[in-house]
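Heads up, there are several structures right after this.
Here come two complexes built around chain A, the first alongside chain B, the second alongside chain C.
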Partner chain A sequence: MGSPSSTQDVFDVRKIRRLIELMNDHNLQEMDLRQGDMRIQLRRASDPVAGSLPQMQPVLAPTAPAVAPAPAAPPAAAEPVEDPNTTIIKSPMVGTFYAAPDPDSAPYVKVGDPIGRDTVICIVEAMKVFNEIQAEVAGMITAVLAENGEPVEFGQPLFRVKTA
Partner chain B sequence: MFKRILVANRGEIALRVIRACREMGIETVAIFSEADRGAAYLDLADEAFCIGSARASDSYLKIDRVISAAEVGNVQAIHPGYGFLAENPHFADVCRSCRIEFIGPTHEAMSLVGDKNAARSLARQIGVPTVPGSDGLVEDKRQALSVARQIGFPVLIKAAAGGGGRGMRVALTEKALESALDQAQAEAGAAFGNADIYLEKYVEHPRHVEVQVLADTHGSAVHLWERDCTMQRRHQKLIEESPAPDLDDSARAAMCAAAVNLVKAAEYTNAGTVEFIVDRQGNFYFIEMNARIQVEHPVSELVTGIDLIKAQIRIAAGEPLPFAQEDICCRGAAIECRINAEDTTRNFQPCPGRIEKLIVPGGFGVRFDSHVYAGYTVSPHYDSMIGKLIVHQPTRDEAIACMLRALSELRIEGIHTTFPLHKQLLAHSAFAEARVDTTFIERTSIG
Partner chain C sequence: MPRPPRPPALTVDVQRIVSEKLVATAEHHERLESTNDRAKQIARQEEEPPLPLLVVANQQSSGRGRGARSWWTGPQSLAFSLLVSLEHWTGGRARVPVTALAAGVALVEVLAPRLAPRTVGLEWPNDVCVEGRKLAGILVEAPTANRLVIGVGVNTNSRLSDVPAELQDRIATLCDRTATCHDHTELLVGWLQRWDHWFGCLPGQANLVAEAADRLCLQRGLHLRLRRGAEVHEGICRGIAADGALILETAEGLGKHYSGTLH
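Then we have the complex of A and B:
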């Protein structure tokens, strides 16, 4: 195992191994996952036709050409698109991500919305306290990277923002 | 029994707890800082959450984040390991308030024994011998001088909130005492946030002997015999062994019984260690109690055959101890060497870096508890201990021979470590003849 990575490793070997286990457990032929502009495809060599694809997020940002499909083997890491005018808003705490103030309301922000430093962009609930998270950057939301109701860890990417 | 436990620690003790849980069929949630991301032991947990950046104060010490991780990870209990939040009564209290069991004592018992002065008072009340000293905190210089004259120089100034061998100063004369008091208070305030100090008679050439205890929540308390941790450098333990060599059987029995009495008087539950110093005449004196599982717990595990981490988990789950005192035997002799990433040629300067090669010894009676492997990078943000080498043999002489053999097989390349020093210490005749005291390394300037 290598030394601790200093970048956010969205597709680390541990997660990829779990995805493969999931595929085997549920007899899936293909898995196509996207997060921001990272994408991973796992496909079993024996079956060229895709079964039902569990998609994690609607694709809202341009995706980079990703991974060479391999027969149940971990593919090479995806290449993220580097844009000097984009930044990632990361979670400042551990908790549960909520996109909206409550289940009946619209999300705080959606792709294309302009934001200022003080704009509340989401809630991270921790220890029964609903913490409103401010953007701390100005720009426009280009991607929502976390799923409503999912646990997030410190440093986990939540939103992609175009700053210029 | 718990279905899921969060391990609120890192490195070798996190791995130790995860191992016990896996054997018991308990799921684990690990936490890690950004400096520990990618460490192999994290893969052995069922889930792992990043809880902050490298500095401990931004991660492992952040109570709110640890509890958040426990909640999103859906655990029923938290094992704190040692260090970090293990002896933080507020953390223990917060866990239980959040309906998460804390695998350790109640926060009240932890506060009591963690206050060294209060613990000493309790010991005196129940007739456990303590080192002659001030009857409580020392408020001013006049009082300090009067106590020192009474108990006799040299005296030891100790921080009430100190621990781990820190916050202590020796004063040999009245003049030295005056300046030492100011310094000790300033240091204590800075290091522990509490400038309270007290005085003890400085026992010269002491041996450090501690007793491992276990107490359940049904009123049963036992000891798992003693460990001798005399071989230290600047109050940091290097080598630990059980049983304590050359210790009178009646002194051993009295010391262990005293430890159990203290545990009962403090209404202490779960695992803990009661520390004593033993003078040249074989008299023992209580100094402090540690309300946690300790680094050197494997030494006691090997001589008694009892898995202490599993015992901790079972006690926290409300189970009664499955053994009585008469069932706990001390068989053979066990020795542990703490391997630190330090450069012994440069005053034990911490030596972070990438481990290029690692060959771990094996064989009959050899145990290596460590989270490191070839390719692992030791980071500068945490303490320098990278592993513990422990051996268990039928006699002490055989244990020394086994440890020397195991140390000669151990290869760690890429960073400096302390195990060459251990070879020298173990091969020294004074160690074999149990003629060492806590100042041995400084006096003989080995290493």
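Then we have the complex of A and C:
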């Protein structure tokens, strides 16, 4: 649960991208969110082409005419064009992000650190269950994308890693 | 609970626990810094012993909460950690947090009969309390994606006079409340049996664990203040949701919370 957001926030591009990722991760057909008088619906296309990525169709409710509906786009198109050698490590769960094993210790990793697949890179805590998150990818940390001690959502980017 | 046939023993009979097949492997230590750290160390070994694995220590010198909220373990308390596999789980880590509730529910079920008619219950997410004081704490750590360490500390046979002065108004011990000593093996056997039941409900029926935790929740109706990073949420506790989240009713309505520090 976050703090109250402004009504425009629900149409934030990053949030829409995260919603699409959530739909893909959980194989959801449709998502319908409302916040005040704003609404966003995401629905998979009904005639998927074998082998292609699922299509998402954002639908904006008539109560929000000021926001022009975007053309349908596959989730891959929603991702910014990135270096193919870059991987984003995402949070496997909702919780609190900790960069270090305890408040008096140095962070597990920092920008420039080489990491292996088994390297512990952070903790995500939920309900006092401390999940030590392993990189599951080898490379070098190029960005830390979450704040120590702050809440993170499922699928939220935590680190950017250069893999080659 | 049946009375033990001999004077209560503080040293856990790990051979009995293994022979009764409550765990596959058990280690007993006279003294450890942290049973959780030892279990995590084992989890990272290349050759892992059969699981579940129990680590017990007569004395734990630095049992942990996070940071300054460290867990006090008295000289005659019960401290143990259980290392379990999650390899049969599907669907990732999303339901792993409910294991803290499963451990807590099992602990309440074992401790409540010993403390009757007092009310023993859970303070979300990881404390077992009696009469407003903390009796036991749980710290779960996942050292890898498919291993879980459930750390439990129970104030059993320590006396309140052993408790540091700054904690005395917040801690209860089983011995002080019941005026008798309690056998650590019997307590641990009881917990392992109930844990096995509740852990078996996860992850497919995690809602059963959460519902049991909700029935035992001592914070219902209380005004709580939850801090998580820069966020603060204040409201009335409405119990525990089916996914294990704490439900707070604030000015904005009902909200579910998965992490944070309660004040």
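Criterion: the second predicted complex is superposed on the first by the 84 of 164 C-alpha atoms of A that agree within 3 Å, B and C clash if a C-alpha of one lies under 4 Å from a C-alpha of the other, contacts with A are read in each partner's own complex, and residues count from 1 in each chain.
The rule we apply is simple: a residue touches a chain if its C-beta (ideal position, glycine included) is under 8 Å from a C-beta of that chain, and two chains touch if they have at least 3 such contacts.
For clarity, every value in this text was computed on a predicted model and none was experimentally measured.
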| item | value |
| --- | --- |
| More chain A residues in contact - chain B or chain C | C |
| Which of chain B and chain C A:95 touches, first, second, both or neither | both |
| Which of chain B and chain C A:155 touches, first, second, both or neither | first |
| Intersection of the chain A residues that touch chain B with those that touch chain C | 1-4, 93-96, 126-127, 151, 154 |
| Chain B - residues contacting chain A, complex | 34-40, 42-43, 49-53, 59, 64-65, 67-69, 71-73, 98, 354, 373, 375-377, 379 |
| In the complex, chain A residues that touch chain C | 1-4, 92-96, 102-104, 125-132, 134, 136, 147, 149-151, 154 |
| Of all residues in chain C, those that touch chain A in their complex | 66-68, 92-94, 96-101, 124-126, 138-145, 228-231, 233, 244-245, 248, 252, 255-260 |
| Residues on chain A engaged by chain B in the complex (per definition of touch) | 1-6, 9, 12, 14, 93-96, 126-127, 151, 153-156 |
